[in-house]
Structures are given as structure tokens and as C-alpha cells.
Amino acid sequence: MIIMKAEATEKEIANVVKEIKKYGLRADVSRGEFRTVIGLVGDERKIPFSHFAVLPGVKEAMMVETPYKLISKEYSKLFDEESEYRTIKVGNISIGGDEPIFIAGPCAVENRRQLFKIAEGIKKAGAHILRGGIFKPRSSVHSFQGLGANGREEAEEALSWLREAGKKLEMPVITEIRGETQVDLVAEYVDILQIGARNMYDQDLLTKAARKNKPVLLKRHFGAGIEEFLSFAEYIAAEGNKDIILCERGILPIGKGRNYTRYTLDLAAIPAIQKETYLPILADPSHATGRRDLIFNMSCAAIAAGAGGLMIETHYDPAEALVDGQQMITPDELKDVIDACQRIRRLVVSNKET
Amino acid sequence: MIIMKAEATEKEIANVVKEIKKYGLRADVSRGEFRTVIGLVGDERKIPFSHFAVLPGVKEAMMVETPYKLISKEYSKLFDEESEYRTIKVGNISIGGDEPIFIAGPCAVENRRQLFKIAEGIKKAGAHILRGGIFKPRSSVHSFQGLGANGREEAEEALSWLREAGKKLEMPVITEIRGETQVDLVAEYVDILQIGARNMYDQDLLTKAARKNKPVLLKRHFGAGIEEFLSFAEYIAAEGNKDIILCERGILPIGKGRNYTRYTLDLAAIPAIQKETYLPILADPSHATGRRDLIFNMSCAAIAAGAGGLMIETHYDPAEALVDGQQMITPDELKDVIDACQRIRRLVVSNKET
Amino acid sequence: MIIMKAEATEKEIANVVKEIKKYGLRADVSRGEFRTVIGLVGDERKIPFSHFAVLPGVKEAMMVETPYKLISKEYSKLFDEESEYRTIKVGNISIGGDEPIFIAGPCAVENRRQLFKIAEGIKKAGAHILRGGIFKPRSSVHSFQGLGANGREEAEEALSWLREAGKKLEMPVITEIRGETQVDLVAEYVDILQIGARNMYDQDLLTKAARKNKPVLLKRHFGAGIEEFLSFAEYIAAEGNKDIILCERGILPIGKGRNYTRYTLDLAAIPAIQKETYLPILADPSHATGRRDLIFNMSCAAIAAGAGGLMIETHYDPAEALVDGQQMITPDELKDVIDACQRIRRLVVSNKET
Amino acid sequence: MIIMKAEATEKEIANVVKEIKKYGLRADVSRGEFRTVIGLVGDERKIPFSHFAVLPGVKEAMMVETPYKLISKEYSKLFDEESEYRTIKVGNISIGGDEPIFIAGPCAVENRRQLFKIAEGIKKAGAHILRGGIFKPRSSVHSFQGLGANGREEAEEALSWLREAGKKLEMPVITEIRGETQVDLVAEYVDILQIGARNMYDQDLLTKAARKNKPVLLKRHFGAGIEEFLSFAEYIAAEGNKDIILCERGILPIGKGRNYTRYTLDLAAIPAIQKETYLPILADPSHATGRRDLIFNMSCAAIAAGAGGLMIETHYDPAEALVDGQQMITPDELKDVIDACQRIRRLVVSNKET
């Protein structure tokens, strides 16, 4: 990490960047109100810090040995002493601010009518962002893989419905990318690129998605510790894209005997992550519990734990859904969730301020 | 399970109980407003249900094959059609009602002065029940094991401080029993017997504690699924003691890389357990997270998830504590927690009613 | 699953395949000595089995609802009543036969000299297949990612060393593909495509790799149960490629307190998997334990458990390796491992025959 | 830890012990061929080591801060430079030597005839020690809890059968103690006291069992890391009883999808534990897998991993067993296991020596 002097010139900054590249690393230049900080992407042990410390314009040069540094609070504090958290703007929605953000919609887009009907329902319920799966990651090759599996034409059609529904209802839209070949296509149609839990470790996909310069929502893998979750978010930041929205969606259940939930929603990860990084973090109670009857309680709990918002699967008739019906709630139930969560959020935020 | 007719006489009930014993099982007689239900303790496959079905006064006789039936909602609904949950009264405190209950105090009782000072602090902060460890379960034989390890005399002295503090401040008191030989002694001094996570599987201890006819607080083992947790609570109910307070305190963390919390607080277990049993369930954010700076958020989250109360380690000077200082909060911090939790509880409960 | 009559004609088979496609599924045609069986790829609930049962040449048509059916023993037994296991031939090596197969080599290819020196060492030690990582999956974007990270030219150079070393020493070669864009390139140079544990869930990568019609070695994800591991292997089989080599490499460690191994090598998964599928399964004690001093014992144990071979990281000077030095053994140590394992294998196999 | 001079007198040793007690700790005096070492039981931070270093006869006084020190190799090497492992003698059987030891018998003792018939079968098969459960730990209070649950008289009768069978067939016998009140009784009848996985954390039970001065077989809890397993074995050693036999019996399974084994047999724990302690370690493939058809492979694997023996549930007619029939093998199958394991053991041990 290279901290530049307040009075460092652009030329001096460019020179440091050039020097960094000589050693086979990349530079992450962050310009704050008071100073510029240059993060190093790559193996810092190759860098002769004493040499960098005396380059023109450099105030300090030091090694940072954590696997996530570009997304750490320590890093952002160096150039932005004011705000502790990053706010990510998508359309007229701010993720990471005081208001909790609700992403809702069907697990899988099935047809135009289904998507629009649900989109209208969640809009009325107070949701902010529309989700809908087109490329579905599935445990079995023999299960429905989403409309995206039926070839590029059908994939584009489904993506265009999503974009259209978002425009009509003035909601940004998000969908999951599961493989590298889907990134370019999907990025044309949606506002936020989602990388699912199962793909969290897919560093080539993360890198490719990051380069689209759109916000990326990254879900924690169900086998990843917090450190590893953040280390993979760092792959996105390393491409210069800091618009990363983290999402806790449950880790592997353990324990003798049945557990009654599909995964274990690790809510303590939420405040723990907020001590480490400036990035916003949401929770997904739908996939975590796999149970419609636990969504209300776990939504309230996630917001109380400090989540900046929720992703909730919604369907006007869950029993009819092709995928994951047992965990979806209706738009009416969503409204109750949003109302309660907003009141809890105000309570938790106001308490923090006093 | 034997459901008696509404008009069944005491003699008929006694006769059924006698018949059950003949087959080597025990009877759990539950008298409700409308009818009496007799649960069977033991292997129901030995029972000839067709024979029981025609005994005088019997309405229905049927096999129930779950490992927890005496504590299940199905069982209680048979004789009590009104209330879904059991309220456990200790002194003037009701556990399992609308008001969340806060159990606070030091991890370990160290001396009289320390205990009284903390007790006064938590009383002022609004806590309802005083806790203090005297027999401490520890991973290392070389660590401080609590004053109870210094022989019966010191154990009794510490227990008497606890009782005295409780009386003075009008708070019921609770402490942990770790081994069978401690049960009789501890039961003389405290209002609630606590069985810690590590002893959850100790069925002989559970049985012995149950027989004291005092409320038993049972913590979930960090390796136990919900089904197994409830199956061991059933050991207490099988002794005729249904005053069981469950407590979620975190399960084993998993995941590659560091996790930043000591255990994983499984908050979804709380509403999931409330679907299964009429027993109240609390949460212990102190042991679950092992981090003082996460207590506020995780307390709020536990209450939002539906917990009937919290157990929180408290110390006027956490840095000075002999055990677990890094996870204790001060009485002032406890007050903030209680205030926020009470407001969240009202919000969650009122929402349920509408 | 459609079982054809022994006397079914090619035309009848083609007709069934055509019919299957009409319903949006794909057909996996397996021709055995006695009969032909047609597996269905996709959602079998869409198929009217009664209609298929009466098509010309069809003996039986039935639904199979497991997530892995094309790789199941049940399926292969229908058309091949003789052999229980599939033998995969690569060059003059047979994987899945009586002889245990040893894949060895460096964690990462660092330069030509290093690769050749190690390759010669392992050849002399008795290894059969040469491994060497070029695209390395890493937890930290700041760590060495393999020579493949330095652009296509360096990647090809490293791949050509691998191919050259293999030719010179008459050993098939294997390397890992981490992202879809690497598949075409890597398939030009190596004999076996490896998909690492972290990419096990990457169904697009699996599909793309399967289509190269080369054997694919698939490692179990550290968070995957056996059922899920096999379900993802099925993604490869669904492309018509049954040359799949499974590899157990350790699952997430759990437990309070330190565990002293990096992962938990799940050796019981090996015989358990052999009851389910005809595919060969190997073990990787290097990544599983992360400890050089446990490799000998755990190699012997894996072979005793029934593994068809091992993948072991080897380096002439582990201390000098850029990646994972602490878990590599020398060629001399490898020789001891191979000798002991071959003797154990003979013992275990001979016992099975009696 | 206090290392005495070679020429230290008994009086000097006694004086050091007396001094230790003054500080509230206990002394573990180990006399080796060359010198005496005094381990400290309790919190060593209370000890002024500089004061002890100058006491008469003391060579060195130093703090050791691991949770298991009395059972560590470092400790034993100080006074016994010769042998790396402890051999525990029970009757004419040596546990911890070159020969693998086989403990076999029924899960639960059901009646005299069943026990004797099985005992004869396992003796003929080559087993060394007879096991049989009388106090059974069970997940459900409604399941068969062993004959010990029927009162003291039946418990004693079952114990006397065990003793009688052992005498008749010249095999030491072992049974499980589940609660403190069973220790005195059971110790009268058996040669080895077993503490099951579920009771591993029950420090009061461990302490009480240790004091009977009989070998104690301690099973690893399914949620315990290796460090914690050894830390609880230390509770036994702290009572002066070093005749501790460790036993790995599987840890909690994890992973999405079904796992096909009841627990995960952590075989790498075996060599890892042998690097830490001089105590012998066995494996129990019956409870670990819960599957009869995996016993042969996993037994061979455990011995290959370095286990000093196995505990295997055996029944002449598994289908007839009241408990755990699906995981028991017959005496004939046991013979095959023992034969194969003995050959593997010779192979592994001879390899170590060269």
C-alpha cells in the first residue's frame, strides 16, 4: 500500500503506478478528499518498499498481508476519513444507506406474464429491486435449469422481459450469471450482476463480471468462512470495481439429527463483516431457511443484526412455481415483512447514533 | 398416546396407568380442561394399542413415533386447546410470555463483592434473573474451574452468595450443574438449574436434574441438530418435569478461512423450534459470538427471530474477569440491549397478532 | 430410462431418441453386449412412459428419480452384466483396474527445469501420470496464480512443457482448468482435464470440459455430500462423456479446538461411492491433510479403503516450492508410498476375490 | 513443569511437590530411568518459576502453556528417552504395541446366551477384548437404554455375565459408563472403563473414572477437534492415570446432499494424534459408518492409517439385534477383517522401521 502526500501530483501518481507494474503487480488508485492511496494487487513480497518510500510524492509505503485489503475499512479510511460505509447507487436506489433495500421476485423467470404479475406485486409491497433467475444453478442436471438453458434466443427473450418489467415499474433488475459465457449477454440487460453461492469460488467468473463496471452482488458460499468470503470479493475489487454488494445466504447445516432448515443463516456474520469492510451486506432468508413459514422472523432478525437489506423470493402463487415453491412468500406477506423490517431498522440505526 | 374420554373417571385413568406399567413403560398423565391425555415413556412398540383402545374410559390409543412427543405441540394441543406456548413461572417472573426475559450476570462467580456489584448493576439495567457460574465446564484441566472446584465448603459459600444476592435484589437465580453429584447441592440454593451445552447429551444428569422439580434451562450442544436438542429435552419431560427452558447458544462454526465468531448462532432454530414445541426458547449471544462488540446486534436479532429472552454475560469491568472477559458487556451496555430488545419484541409480537 | 429389446433395430433406437427429443429431453444411448439402454437427460416427469413402453423395439420404459442415474451401477448393469467398474484408458495407463494409479508432480509448474526434474523423479519412483498446475485457484487474488495468469503465451509455453515432459517420459499428463475460457486451450495439450474442488459446482465448466471427449478428473468440493458430488459428475455424463475419474480430497474440518489437518479426508466416501457408481475414485492426501508428515499413512489408508489410485504433490525440494511446499513429498518418499500402496492393494483386492 | 536433577533425592522431590501444593496446583510425578519430571496440574501462571528453579534438586523449572501436557510426547521424552509410545497392559493383552488389538462384541448385552454366543464367536475370530453395552446412551428416551436401565440388580447381573464371559474365554472385558453413579459399580466388574463420544466433555465423569486406576478408553466426541479431544484426555491424566486408550469414532458429517455414512471417520486424526501424544489410539468403524458393508474397507484403512487396533460391533445374527443391527458384522466377517488388518499392520510397521 502506497500512501501519497496530500500535495502529490498526477504525474507522481502515474510514476508510482508505472513502478508497481514493473514488479508484476497492478495498482488500485483511490483518490480521497485529502489524499490518494495506491493499493497493490498481487504478491507484495515482490515489492521493495524502501525503494517506493523515497519516490517523489510518496508519503508512506508499507506491506499489508491480509487477503482482503482493497475492500477493508483500513484502506478506505486512509483516503476517506468521513464515511464508514460505501453507498452503492443503482438507478434511484441507494444500497448501503440508512434505508433497508428489498430485492424480490421469483426464483426463476418462467414466462412474461408470471414475471410481470410478480413484479407488480412486489412493487406494491414496497420492494426496490426486481430479481428473476434465468440461468439457474441446479444440483441435478435433470432439473429445470432456467429459461437460459434453452439457447441464446430464449435467454435474451427472458432477459428482455426482465429489463422491460424493471423499466415499467421503475425498479433496477438483477439476475444471476452462472458461467463466463453469460456475462456479456446478461450485462446488456440488467443493472446488477449476481454471482450465486455455488460460484463464489469461481475467480475467473468474478473477474469477468467485475470488468463490466456494474454493481456485483456476491453471495457467500455455504462452505466459506468470512475471511474467504471477503477474499473472493477482493477479486472483484482487484479489477477496480468496488460496487460490490455482499449477501449472506446460509452455510452448511451441521448437527446430529434433523435440523429443520436447509442451511444455517449465519446472522452474526453480518455485524462481523461490517467491522471488516465498508461494503454493504444483505441477507437472503429464502435460500437460507428453505421455509416460507420462517421468512418473517428471519427477515426481522437479519435487519436487527444490521443487514442493509434482504433478497426474498416472491410468487403470487408459490405452489405453482417450477422451482423452490416451498420457500417463496406472496407479495402480501412481503409487505408485512418490509413494514416490520423498516421499523426495526429505524430502531437499530437510531440506537447506534445515540 | 392414550386419549381419555371427557367423562373418564380417576379410577379409569389409574387403571390405564397400571396397564402401561405392566408393559415396562411409564405414563405421563396430562390433565387439560377438556380431557386427560396419557403420554407413554418408553418403547411404544411393546404396547398392544388395540387392547388399550377398549379399556374403560379410553377414547383413542395410538402410537407416536417421534423422539420428542411429550414436549411437542401436538401433545399439548390434545388437552389444552387454548394456549400454544407454556409459560414457566419462577418467583414473579414469567418465562415464555409476551415480555422478553433477560438473564444476566458474570460468567464465573469470583467473590462476594464481585457478584453483588454485578447483580446490582444488572438489576438496575432491567434484567430479571441473575446468573453466575460456580461449577465451570472448561476445555483445559489447567484452567480455572470455578469456585465449586475448591471443595464442598467453598461451593456452598458461593451458592449462598448467589441465593443472597437473588433475595436482596428480588431476582430468581440460576447456575450450571456439570455433574450428577452437584445436583442435590445446587438445587438447595437456586431457582433454575442450568445444564450447559457440553452436558446436553448427559442423559443421567438430565434425569437427575429433572427430578428436583425445579425449572431446568437446557442449552443446545454445539454439535446437535434441532431434532436431537428436543430429543434430549424430552429426557427431562419424561420425568414429569415440563418446566424446561431451551437455550440456543451457537453451533460449531464451519468454513474455509477464519470465521470471526466463536460459534455460529443459529437463530433460525428459534422459530423452527417454536413450530415443534410449546417450550420457551432463549438465546445466549455471549457464548455464541465470543465478542463483546457483536452482543447488541445479535441480541436484537435473537429477539426479532422470536426468542423469549436472552442470557448475557455481564461484568462491571470485563477486562478484570477471570473467564471470558472478551465476551462480557457492562451493565450500562446491557441496559441499551434490554431497551432495544423490548421495543423490537413489542413490534414483532404486535405484528403476529394482526 | 428406456430398455430396448435384445432384437431392437438401429432404426427403432433412432426412433425412440427422436421421440425423447420431442419432449425436450436428451437421450444417452448405451449399447451393451446384450441390449441397448437409453438414459434420459432432463426432467423425466415430462415423459409419458406408457406411450414409450409401446414404441417398436422397446422392452421397458420407466422413471428413475435419482439425481445421478447415468453414472449409477444400476444403469450400467442393465447393458453390461459383466463388469462392475469402468476402466478408463489414457495412453497405456488403465484407471479403475486392479493396479493402483499414481498421479504425481508439482502443485504449480514454475519453470521448464523444475517440471522436468520433478517429472523424472516421479517416473523413477513409479508414478503413472504427471500433474502440474498452470491455472491455480487461489483464495487470495494477491497470491501466485500459476503461470497461466501471465497471459496466453506463457500459459501455452507452460502447457507445452507439460506435454513435452509427458511424451519424453511416457506418462499421460493432467492439469487443472479453472474457467471456461481455458478449456479449449488446455485440451490441446493434456490427456486428462482436471476440475478442482472449488469448481465442482461450476456446471457450465463441467459441461464444456465434458464435450472435449477427454477423460475428466473431478474433485469433490469440500462442502459437498456424496450425493451432490455424484450429481455434478452426472453433468459430465449427460454430455455423453463417461470417462470420469472421481477424486476425494478432503471436506471441511469441524470441531472445537484445532484439528491439525487442513481438511478432513473422508475415506469412507470411497467404498460408499463404489457402491453407487461404476466410476473409479482416487484420493488426494496432499490437499486433504496439508501435511507432508501424514502423506505416507494417509496414502496407505486411502488404498486400503479401496481408492483406485492417488494424486500426490511431489517436489525435489519442497521448501523451494512457490505454492504448498508444506504438503509436498520428495520423489524418494513417493517411491516408499507407491511400494507400500501396491502391496496393500494386492492384499485388499485378493481378499475381495476370495 | 519441573525437571529434577538425576541425583535428586526423594526428599527433594517431596519438597517440590509440597511447594507446588502451596500455590493451589497439583503435582504429577513421573519417574523415568534417568530422571524425575514433575508436571503441574492447574494454572501454571500462579507459579513463580524462578523460585522453583533454585529449590534443592531442581534442574529446570518452566511454564508449558498447552492444554494437554501430561499426555504429550514432549513430557514423556523428558523422563523416558527410549520409547515413543505407551503400552497399556490389560490381562495378557498389550494395547499400543506392534500387534493391532481387536475389541469386539455386541452393541448391547441383551441376555446371557446372546453374550456368550457372541463372545465365543469373536474369540474364535481372533479378537482380544470383549465389549458389551449395558448402560446405553440413546438419542431418544423412548428407545431401549440397555439392561442397566432396569435397576441395579439387572445391571449387576449383566455385568456379571460380562465378567464371566471374559474369564471363561480369557479376554479382558470393557463396557461403557454413562453417568457418575455407574462408575463404582462398573469398575468392580470390568477391566477397561469406556467413556463414549457423547460423554467426552463430561469432566466430572472423566475424573471419577480416572480414579478407579483402571485403563480408560475415551472416545472422541463427534464435534471435537483433535486439540479438544486431547485436552479432555488430559483430565484423566491429571488424576495420575495415564492408562488412557483413545478412540476415533467419526465426526459430524457435513455437506449438501446425503452423505451415505452416519459420521465421517477422521482417519487422518490417527497419525496426527500420534505426533502429539504417546497414548495409543484405536478406531471404531462400526459407529463411524453405521454400515456393515463398509466395515472391511474402513477397518483396513484405519490400520493402514496407523491405528493400534479397532473396536467392532459383532453379532451372530445382526438382524436380530435390539440396537444398531445395520452396522454389526458376524464373527466370520470379523475373522476376515482381523486377518487382513494384521497383514496390513505388519506391512505398515515394517515400512516404518526401514
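First chain written, first letter: the chains are A, B, C and D, and each begins at residue 1.
Going forward, a residue touches a chain if its C-beta (ideal position, glycine included) is under 8 Å from a C-beta of that chain, and two chains touch if they have at least 3 such contacts.
Only a predicted model underlies this, so the values are computations on that prediction, with no experimental measurement involved.
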- Item | Chain at maximum distance from subunit D, centres defined as averaged CA atoms | A
- Item | Chain pair showing more contacts of the two, B-C and B-D | B-D
- Item | Chain centre separation (subunit A, subunit B; CA means) in Å | 38
- From the C-alpha centre of subunit B to that of subunit C, how far is it in Å? 49
- Message: Taking the mean of the CA coordinates per chain, how far is subunit B from subunit D in Å?
- Response: 33
- Sites on subunit A at which at least two other chains make contact: 139, 222-223, 228, 231, 252, 254-257
- Please name which positions on subunit D make contact with subunit A in the complex. 139, 222, 252, 254-257
- How about subunit D: which of its residues touch subunit C in the complex? 223-229, 231, 251-261, 264-272, 275-276, 288-289, 291, 293-294, 296-298, 300-306, 336, 339-340, 343-344, 347-348, 351
- Which positions of subunit B touch subunit D when the two form their complex? 40-44, 67-69, 137-144, 178-182, 198-199, 201-205, 221-223, 228, 231-232, 234-235, 238, 252, 254
